[in-house]
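When the chains are written out, they are named A, B, C and D in that same order, and each has its own residue count from 1.
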Amino acid sequence: MTHLGLYALQHRGQESAGIAVSDGEDVVCHKGMGHVNEVFNADVLDKLHGEIAIGHTRYSTAGETDLRNAQPLTVSCQKGQVALAHNGNLVNAAVIRRELESRGDIFQTTSDTEVLLHFFARSKQTGVPESLADALDRVTGAYSLVALFRDSVYGIRDPRGFRPLVLGQLGDSWVLASETCAFDLINALYVREVEPGEMVILDRRGITSLRYSPPARTAQCVFEHVYFSRPDSLVFGRSVQESREQLGRRLAREHPVEADCVVGVPDSGVPAALGFADESGIPLKLGLIRNHYVGRTFIEPTQANRDLGVKLKLNPVRSLIAGKRVVLVDDSIIRGTTSRQIVRLVREAGAREVHVRISCPPTISPCFYGIDTPTRRELIAATHTIEEIRQYIEADTLGYLSLEGLREAAGDCDDRYCLACYTSKYPTAVQEPLLALRNRG
Amino acid sequence: MTHLGLYALQHRGQESAGIAVSDGEDVVCHKGMGHVNEVFNADVLDKLHGEIAIGHTRYSTAGETDLRNAQPLTVSCQKGQVALAHNGNLVNAAVIRRELESRGDIFQTTSDTEVLLHFFARSKQTGVPESLADALDRVTGAYSLVALFRDSVYGIRDPRGFRPLVLGQLGDSWVLASETCAFDLINALYVREVEPGEMVILDRRGITSLRYSPPARTAQCVFEHVYFSRPDSLVFGRSVQESREQLGRRLAREHPVEADCVVGVPDSGVPAALGFADESGIPLKLGLIRNHYVGRTFIEPTQANRDLGVKLKLNPVRSLIAGKRVVLVDDSIIRGTTSRQIVRLVREAGAREVHVRISCPPTISPCFYGIDTPTRRELIAATHTIEEIRQYIEADTLGYLSLEGLREAAGDCDDRYCLACYTSKYPTAVQEPLLALRNRG
Amino acid sequence: MTHLGLYALQHRGQESAGIAVSDGEDVVCHKGMGHVNEVFNADVLDKLHGEIAIGHTRYSTAGETDLRNAQPLTVSCQKGQVALAHNGNLVNAAVIRRELESRGDIFQTTSDTEVLLHFFARSKQTGVPESLADALDRVTGAYSLVALFRDSVYGIRDPRGFRPLVLGQLGDSWVLASETCAFDLINALYVREVEPGEMVILDRRGITSLRYSPPARTAQCVFEHVYFSRPDSLVFGRSVQESREQLGRRLAREHPVEADCVVGVPDSGVPAALGFADESGIPLKLGLIRNHYVGRTFIEPTQANRDLGVKLKLNPVRSLIAGKRVVLVDDSIIRGTTSRQIVRLVREAGAREVHVRISCPPTISPCFYGIDTPTRRELIAATHTIEEIRQYIEADTLGYLSLEGLREAAGDCDDRYCLACYTSKYPTAVQEPLLALRNRG
Amino acid sequence: MTHLGLYALQHRGQESAGIAVSDGEDVVCHKGMGHVNEVFNADVLDKLHGEIAIGHTRYSTAGETDLRNAQPLTVSCQKGQVALAHNGNLVNAAVIRRELESRGDIFQTTSDTEVLLHFFARSKQTGVPESLADALDRVTGAYSLVALFRDSVYGIRDPRGFRPLVLGQLGDSWVLASETCAFDLINALYVREVEPGEMVILDRRGITSLRYSPPARTAQCVFEHVYFSRPDSLVFGRSVQESREQLGRRLAREHPVEADCVVGVPDSGVPAALGFADESGIPLKLGLIRNHYVGRTFIEPTQANRDLGVKLKLNPVRSLIAGKRVVLVDDSIIRGTTSRQIVRLVREAGAREVHVRISCPPTISPCFYGIDTPTRRELIAATHTIEEIRQYIEADTLGYLSLEGLREAAGDCDDRYCLACYTSKYPTAVQEPLLALRNRG
């Protein structure tokens, strides 16, 4: 079941995968580099006995690409065995780690998650929930956590709720996942989100909910709706697909253009393109085809893969594009290099005009909460005007969605989203060492 | 280059892959079970030296799933070394093979392709083109072939032109491929199709074209346009994507329905859905999401995978579907089981009505020319009325495109398509042993 | 059982391994590059159902290092399915192959074994034994064969009996193997050798013996006793270990020397060293230690491995050797490079004198019957006097066993051995093309 | 170089292998389950840049069979990055670990080695040598350690010197290894042992020697000479091969017998057999042949392998044994099951009498210092008389070497060996929890 869930969440991380199970006595963990279907096979799954389990797919936002950093992290301490899987990124991990090291702690990974385990083990509290709360009190940043103990699973979401975490029910059992699409696959019913600042405990007695932190102003990652989540998921209680269509509709109203067809950049740009087409009355064309036998552009960790990949992944349909004025709808411009390659592809296929429309505002700041954006220096919109970007990507016109438009399309009536990548207003302090670390990256 | 081309053609076969190269002296071949990225790595490619090469991705329409049957087949004979890759299926291979065996030939594979090599080797002709023509004269059926010799590559298409084969140019070099999308990836220019009954010879002197067979009435596989080819390819000189949109438009005219949204079954049903939506005025919704981390349904060889896979691959977007009257557009109903599962998925996601529209006529006959359709007994439309099928798949209404509609949408002005799977009128004799063989399958 | 047998015979070939089984209906074969434990695992063995089977481990004496050449070769022909495994080497394969090719046959391997299958398939005889006899009549050279048909296993030994083939019994079943050590492992009883020119047929009715060829003068490979076979085997009806001890004894008598200790080059030189020590009264010391985590020197196919390996494999025991006059006993000097490296090793470990004794005569001619000796040009003894060899290998003295001594020690009372590698007197015509082929090698 | 060294030391551990290197900046580690040639390949080695390195081959004496426990263990702490490889076993690790856990430390492995890293990181000392000394002061037991820091390698041997650790020189560089055979392979010169209680520091300045612990009575593992070390090594300053021959000689004097031949159980029993033969005048015969394509009996961790393996590994030479009175010389009887199987093998090969001689005293106590002996309950000599053992293994007579004989043969003039497995007199306190742990095992 956990294994199937990881298949459904493969898009969230393709570098490594792992599952930890407990049979009530021992916590056993298997993890490896690669996709879920490479890490697990029948033999491996056979050895993972037990009634409770957690799993993780990872892509590296913090810590190097390395088997050591694959999750769940599994340790033994005075509070027993614990396996921990972490979605998000702590912003004070570097400082904390230095503190812990100066007190004599040793670190076997380079991931930010390991500090949590140190705090947990060292907590003076005796109960597991109290010790976890104690540990969480020491860290700042984004964390949706699942933790496996001998006889219980914990689900925890940070007080600002950066990353999603949902609770579902399957018969008498409770399940947790990053996105509801994992529930759909295993026929579990979506119940609700784990609330920001909430800790849920799943064990033989059922579910217990605790608030380990007072309410804070939420800061849910809007980029989950723009790009990261699967469109068939409910994220932060809202359909991702619907958000994307709305983004496209708003975009059509904000940046209308005379054109012959609307083409979305697959896969994530297509829903916004559909909204744009519907709103503008310009016909949608499936003018770019994606070769799905190659992985996802954004997510793979090395620079080399990023550049090499565009042609392998996208191919224009010349007959639909040739001689046409094309509106190209995409979800973001990061460095600008990929966008330029796509514009060129479309132009080489005969497009008369290429009008680029982006379904969010310019990305001007890196994310410190778990999305692998590059440093500010590399973000084209951090240092260039929109006109300069337009020239760089060789588009005839370029339009970004406004911040207001984004919030409205994502249903943000009450200012609950983190918009830092578009505004540079980080919802938490972002400590210098971490910024430095990122800038070195 | 050949390796990249195979990536672009991965959708045509996922069971095995192979490349043969010649350095002017020796023909060397590497092949293995699995996807292109599993079969080849830097080490393997380093060992494949040479200036000319052919490649192949295979899924088993004839012969067992077995490394022996992976292509290119490579043999040595009195006419030198030859590597042969075959797209399509010979219809008289079983009879011929028995004949050849009775004359004392031995067979090391169970594929139909091997008989061609026997005829070639045994030909009394001395030249390679003449010997190939001699061999081809003995076989009937579908074959688009590429053959690698020490210092030349041959491209051959059967007289009826069942399967595609295109010729392109890259700088001073000539290239051959099943679909133009392979040219796009390597920046080669599409020149023309290899004609039915034509043999092109690519060598140091350039290109030579021969007619090894008198013109026959062509019988190009319409299913390439309906489902099999990549939408960004030109196939038989026509854009696949455009055909699919037209299929959807015709379908909307032939089987109109009152509904709230049109949903295509990804990936192949989406273009027809777009055409349907556009023609009918009912809005298109991306209401089914495909998980691309799992392979393609139709193509994998065992029954087990087929049934297990639907939920892993498709997930409905509840928010778009709930309470709606949905038109579900797909490209075919084979056994009916997958269609039923999809209808159920959509209904469980809250659809009020589900109207299934199929962008081709009922599939009533197996293909003997290279598409892996099941036997007639397993084809639901061979033995059931449309109303029975509708009940079986649990749809509110069901509409198939007419044969006339299909031909028109695929641009068939001059009756050049093979429509046997919809009409049972096979363009060649289909010898009993083969039929028997298939029916046993 | 076959799988276990291959473990026992791993020393005969480490390049590839394969097993073919028949369940009475179909012959299924699995083979791969590498050692038996790499090629087979539980999954693979599970798929090899049936009651009769043959297996093979191969090292390349004829044909390239390539999966295509792995055995058993499995084909289908008018006489049904047949899998064939061949120990030995045909001397007229190249000529025959050219003949067969000129008649139109195709070859999918580069091994000499494939010609046999062509002759078999093409035989005008109708019965299997007759067709086999027909085929064997066409070839000359060394062949111990096992052939698997739907419901029978054949064991065949060439009329001169170059290579061993033994018959055993296990309960009601009959078994065949190259050496008796395979019988020991599966608790089968050794019955007798398959006779030169004999064909045994094992099927449901038991065993049938046929003579497919009139008796010829036998030419059993003496090198099986000197080096190739496992010492715990009976080969040609005689204990290998005993032969080796006798070789050492004779050697001590023929080439006595004053020394402090006798050291055998492991593994194959140790039994002769023991005989030498016993006969001479000089104490045996285990002064060279072999690291068994690396493979066998002689048998691996590339030049690079040969040179790199000596230090990885052999290490002197300084305390036993330092200051001593050492008799170093080995089974052959091929190129001289390895011997020189060993002499140096021993001298660097402090030996005062190094007296090399070889338990056979100088190797002056290549083998065409299945032992992978290099070409004549590379054989140091073919072109150098013994004194020159002594200088080259840097030994104080060097003594080879006499031909007479070899024959006597190997129990050759009636001139039944092939001694061609020591005498250049080949028991068969060795056709020019093959010699040429070898010399090109 | 480190990689080659691991090949030479493969016999010391076959479960996992690892290498850590430092390029002066970063410590990078690669490790995996399996033999050295499975864990490392050209690609992996290419990525391990640097000028200093340590390596390890592991078999599990403490901690489970698990990749987590593979060594070197690599951590980062306030004292920088450190990689640690440990030969031996701490006897107070379980107690200490509980203490550390109660203070809040977390453990990511189940190996005893991890506690050392915690103590090191937590030490109040600032220098690395002082911190290491501090850490070592807290642990008891057997440890020969190599530790890699950014710019130095440390070699440390526990005050009793249980396990070997030798220092060598290669050009201007210093090298450390468990046995001298690793030096031989890389052409390094043996300099001396690292002394018990000594810490050597190898860095750019050369070598520095420190005494971190006052001299204790040494307790060098005699079993290294009896069985564990490679015979071509110097261990504790003495040739292993020579020790084994002496063991055989003493054995012949202590337990003479009338017999026809002496047969050693390969590989480790052969040197003692040679000594026995030489001393007794009974001729040595290589009457048992080992198949080296299967691994080493004693060292593989699961029970299943142990029982299955004997026939795969050993085969008698019937012609040497049949009708003979055989003296079978082996290095130990652990559970008795293997010995019984070997006696039966020899008898089935026709031996008239089988006299077993063991080149050490009865093994009555488990080892807590790094040899993987089973629990006392499983040790046949712990609970049975010699006569009972003789009956169990079905020998005609059975003789063990005396303790006095062992010490003398191993050159123990000054009582410097640990003989606990034969005497139950452990040189250190062996804390209850550990004993309990072992007894649970």
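Definition applied: contacts are C-beta pairs under 8 Å (C-beta built on N, C-alpha and C of every residue); 3 or more make two chains touch, one makes a residue touch a chain.
All values derive from a computational prediction rather than experimental measurement.
> Hop across touching chains from chain A and tell me the fewest hops that reach chain C.
Step count on the best path from chain A to chain C: 2.
> Going by the stated contact rule, which chains contact chain C and chain D alike?
Output, common partners of chain C and chain D: nil, no chain qualifies.
> Is the contact between chain A and chain B built from the same residue numbers on each copy (over half shared) or from different ones (under half shared)?
Same, since over half the interface numbering is common to both chains.
> Which one of the chains is farthest from chain D, going by Cα centres?
B
> Can you check how far apart chain A and chain D are, centre to centre, with Cα atoms defining each centre and the answer in Å?
49
> Whole-Å distance, chain B centre to chain D centre, using C-alpha means?
Their C-alpha centroids are separated by 61 Å.
> Distance between chain A and chain B based on Cα centroids, please, to the nearest Å.
That pair's centroid distance is 37 Å.
> Touching at least two other chains at once: which residues of chain D meet that condition?
There are none in chain D.
> Every touching chain pair, please?
The list of touching pairs comes to A-B, A-D, B-C, C-D.
> Using the touch definition up top, name the residues of chain C that touch chain B in the complex.
Listed in rising order, the residues are 68, 73-78, 101-108, 110, 117-118, 121-123.
> In the complex formed with chain A, which residues of chain B make contact?
4, 7-8, 10-11, 35-37, 181, 184-185, 230-232, 234, 239, 241-242, 267, 270-271, 274, 278, 283-287, 289, 291-294, 311-312, 315-320
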